[in-house]
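Structures incoming, each one as structure tokens.
First chain A sits with chain B, and in the next complex the same chain sits with chain C.
And now, the complex of A and B:
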């Protein structure tokens, strides 16, 4: 009985994995690379040394934090495509505080800057939540628009008022003071990675162990039933979008304080969309999102450091993510489910004959 | 202040508005078909991007802009076909599929640009240039504003009329709209829901693709990563603002074209406004206009709901 319940899930996972790897193979061959050495180079680059592991974790943190937020919204039936905008606003908050109060001790400045970054993201995500709850504007459209608005605001600031006057002319802010920079534990574990684990645990706690989590999931699975049960839809909507924004904002702040130290035009290489894919592949659960996020971080970092040995285009990561999401939806789809169930039933009939 | 007055009253502003509205309008027109048939297609952005990329590739390889149009349309329709298989045949989540296709299109185009062209940059290619419409082009004001455009503007106007007629005045259109209101009832009347939805999805891909083609061959004459710049999402808003009407999509898209044109003109004027903030204006305008209009909108009843024949 239990095995029968699990086998379709396992086949789905296996099919998604094999399908994604097949797409990756096609892409690698199309780029004129040797699949074996390319894979070797990527794995080496991602996990081959303590430094590589540290880089992989650093790369995983902003994506995973943002993806955890996307997951919370997704469980309430909402799509937060605004990760990038929230990341930019979060990083802006963190860089602002870090540069305004350089004389504070690290014990004060680090949490202060992270907190303001989180608050910035919370507001940016919250705007989409309020627009959805109060005016019925689709968050799919508004979050994308807010991405562009945030990007151009930051672009204006780093080209103008916040531009480093002593810099080499690039549109970047000054480097944040050391007191605002996040420590790395034992030269291996960036503190952002610890925050990422804590955030994943909090999201699990919220979704699985609190009444609010029940409301969030209820809204996602049946809006009308939740409404009749007395759950305020608009409150849940604003709450989850604010949480999603806060986590993405934290991701931006952590990347600023733990990795990049300066804010510029190209701060996020597209973490917001990566995060949507990560949350969808992780099926909106805290653990699934965390594991997928770390894997994607390792993949991106591996591709980056493989540049020396094999010229692997970084866009392969996006292609793999998109393919994985497509395979996962097809696997979960009603129509595909019917097909699988039917063929499974047929196989069983054949076996029992 | 007089500068601002000059900008708003210049005929070239309106010419630019029409040009900039065009890709948004074409994508919105396609989406109108899809949504009327009950399919939310969030993948517009990806379809535009693939259309633009295919157009540049086709034009570069053959040297003919017309071949570019054909390849661009083909690429966009391929994306629509994936969306069709996943959401119509498999009954997968339409929105999630569209999001995945957008991410995939960004990745695939970025990948191919680097794989195909030396140095990882798309070249300048042959495109379509504007021409003067006989007689009308010399008319005061409207001559410059309306009648000195490229061929795409007139194609788009004809498409708007045909779409309105096909969707609103024919039995085919009625059945297609039926699929968006109550697919089960349609099925019980013997209407082939699946086939009609496939038609709508492919039309949507072709229109959005044409929007991307114009962006590439009518404006930039090259391809750059993410050049659709959120226009696919602005088009989603335009569909709602136009209340799912092909004809109302014309003025709705023009509104956003005008905002973008205005922002560009202010940037290049003597007015002391930061250019980056002007570039944010179209996106802010989208939210504002959408917020004003949405309360009165009435979407197709079965929009976005999975429908798989039992």
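And now, the complex of A and C:
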């Protein structure tokens, strides 16, 4: 390992960072704010206190978990744009179990609710995988459609059957019992963050240290070579979409049990699509996605807090995220660009069949 | 004879492969000129150069006595050269008229498009509804749309790249009729093919390419099909009849009995094929591409189930490769297309060396250090340069890529090796390496089946040689009885019993 090996990566990082900051500067100036105080307020809001760190981590967990799933799909040449739907179904599973079995002990109820949330996401992602593998329907289309279905199912339930009768008319479920709520370690580390680390490790293990990971990456890089090698493309497709869905479903369940405690129809502020950006910036690797996801969570949390202290509009976070994706792709045609190109190539093959 | 097209001294190489090696070609006005050669002989490259799709390294082109150097198809069309590819490059989602307008006819409005088509069709009958969507048309009509589109641009030379490969016999007759009408107008047609019978039917003159070189141009009346076949496959290279008696072969490792394969359109791809490959011998199957090599290879690879007949490996039914992990596969499989089938071209070599049915891991996890070390010793053993497990095959030369495929496939200690065109596109040294490796496997008692369109290769390495023609196999004959002219005839379907079958 020599330093030369890292120079391309460093260059790409510098391009992305400088470009993103430049766009952010323009946005901040356009909003009529002082860049220095704004930056100070954002950093304080993200990392300035134990509470800020805890908020940053909480904000990072669902998007990172979903992004890990998107990353696995990218490596297999598949687009999972269904993160939001999988998150909603995951949260629905978790809220259902939590409200149905309020008397279980936390040691039983927490993993039970998380597991059912994960299972819900797995099924939701798996549907897109099966449609792709068996009926050759583009997962780009089906995952987006499944988002709508999931959203309106949840919307119907929280406006009707699951609406909290004691609430003040908001379309929200009852709050889940304390036995289902995730603990925070030392008032600093939410348990969701631990799950996020474990999930990132498992994704790394899967992609880099298992035969299945070699198959996933193999199908993503060459369908013809994988066919020749005897890899079943449809099995890998279904497996990958199910994994992606399970991770997003877990993200939804964790956000419900560790942060929001109630399910409403604006449960996800667009984590599913942010996750696509995060996975791209992370170049489809577990570590890259984890780091990017935490950074995005901190940024969002910091800007939310700065909204109060320095009147920074929250849209700045979205602008920065979008700029970061752009500049990562610009600075890195070989990495992120390749993920997109391959996935597009697979989609185009599908269209021409 | 005035030459309408004159290509002189054309040289084009792709990396280490020389596709065209000092090729010259003259096409007279008003003739159908066949360009004959095996796949990979350089026919399409030569025509892509004429059409501006490929820029030659050396050489000059004249069209109608004027020197041209087309940099793109638009230049070529301006110079009067049009080309129709095997798979017509018309846009499926658009109508016939819209496709014409894409080519620059009319101003883009629907009325002007239809008008432009009407103008064209006055001189050249199209017999297609201009409002029909291209993807609703059969391949033959798509081809015709593209031919007419070329002619509408006023091209004087029309290049057709293996147009008959996608047509039924009836459609081929129609196409030949169109070609005759085109040359009657004083234009010329260059007709790329590897089918001898078509040359005799439609062409006035024929130029034969072999291994990127022009072997000769002939008036069709002056040369027989058998002579053309010899020209096409070559005969001056090493004659190995001095090789000695065939060695005693051992037990049958691979057996095909009465194997038939039927294509998607119901056409017969393999016709009642029997084949036996024994331990300690190389059976080589010659044949012009498209005569059943692909389905035969896929069946031997375990990627395709024959529609009837049985395939035995060591007296047991050959397992299908649907997914991995069921049992160790003791067959080495060398695919034809190493870039797309043999390798994950952008993945590190150590993963490539594992990517196959024998990938497994203790307790589900891969020991990466162990794998990288294994990869390094395999790469060194097979002489891959550089022997770096972390680089991707895209950084290697073709010969080294093929060595990686061999290293992976032979590392599982197979008792049967199936290889398709194992040396295609390699330089002489790398070809030598691969053939020596196959011979060494034979000497070590493995059974080796080589399916190759390179007749020289088949004759050089085969202990027994068979010929595949239209899905039928001329039973492999022992090498010391090989008659080169007879094989050439068999490849062209000109043996007496082949003709009898065709008539029957």
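Just so it is clear, the second predicted complex is superposed on the first by the 327 of 353 C-alpha atoms of A that agree within 3 Å, B and C clash if a C-alpha of one lies under 4 Å from a C-alpha of the other, contacts with A are read in each partner's own complex, and residues count from 1 in each chain.
Just so we're on the same page, a residue touches a chain if its C-beta (ideal position, glycine included) is under 8 Å from a C-beta of that chain, and two chains touch if they have at least 3 such contacts.
On a predicted model such as this, the values are computed, not experimentally measured, just so you know.
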Query raised in the report: Do chain B and chain C fit side by side on chain A after the overlay, or clash?
Result: clash
**Report entry** Which of chain B and chain C A:313 touches, first, second, both or neither
**Finding:** first
Requested in this report: Return first, second, both or neither, reflecting whether A:235 touches chain B, chain C, both chains, or no partner chain.
Outcome: second
Query raised in the report: Regarding the shared-chain residue A:131, is it in contact with chain B (first), chain C (second), both, or neither?
Result: first
Query raised in the report: Touch check for A:40: first (chain B), second (chain C), both, or neither?
Result: neither
Report task. Look at the residues of chain A and decide whether chain B or chain C touches more of them. Result -> B
Query raised in the report: Of the stretches 3-11, 93-101, 399-407 or 489-497, which one of chain C hits chain B?
Result: 93-101
Report summary line: The shared contact residues of chain A with chain B and chain C are 338
Query raised in the report: Given the complex with chain A, which residues does chain C contribute to the contact?
Result: 301-303, 321-325, 329, 333, 335, 337, 340-347, 351, 354-357, 359-361, 364-366, 368
Query - For the chain A and chain B complex, residues of the former touching the latter - result: 27, 30-32, 79, 81, 131, 135-138, 140-142, 144-149, 151-153, 155-156, 159-160, 270, 273-274, 276-277, 280, 313, 315-319, 321-323, 325-326, 329-330, 332-336, 338
Query - Residues on chain B engaged by chain A in the complex (per definition of touch) - result: 42, 82, 86, 89-93, 95-97, 99-108, 110-111, 114-115, 229-230, 233-234, 236-237, 240, 274, 276-277, 279-280, 283-284, 286-287, 290-291, 294-295, 306, 308
Requested in this report: Please give the residue numbers of chain A that touch chain C in the complex, ascending.
Outcome: 205, 208-211, 214-215, 217-218, 221-222, 224-232, 235, 338
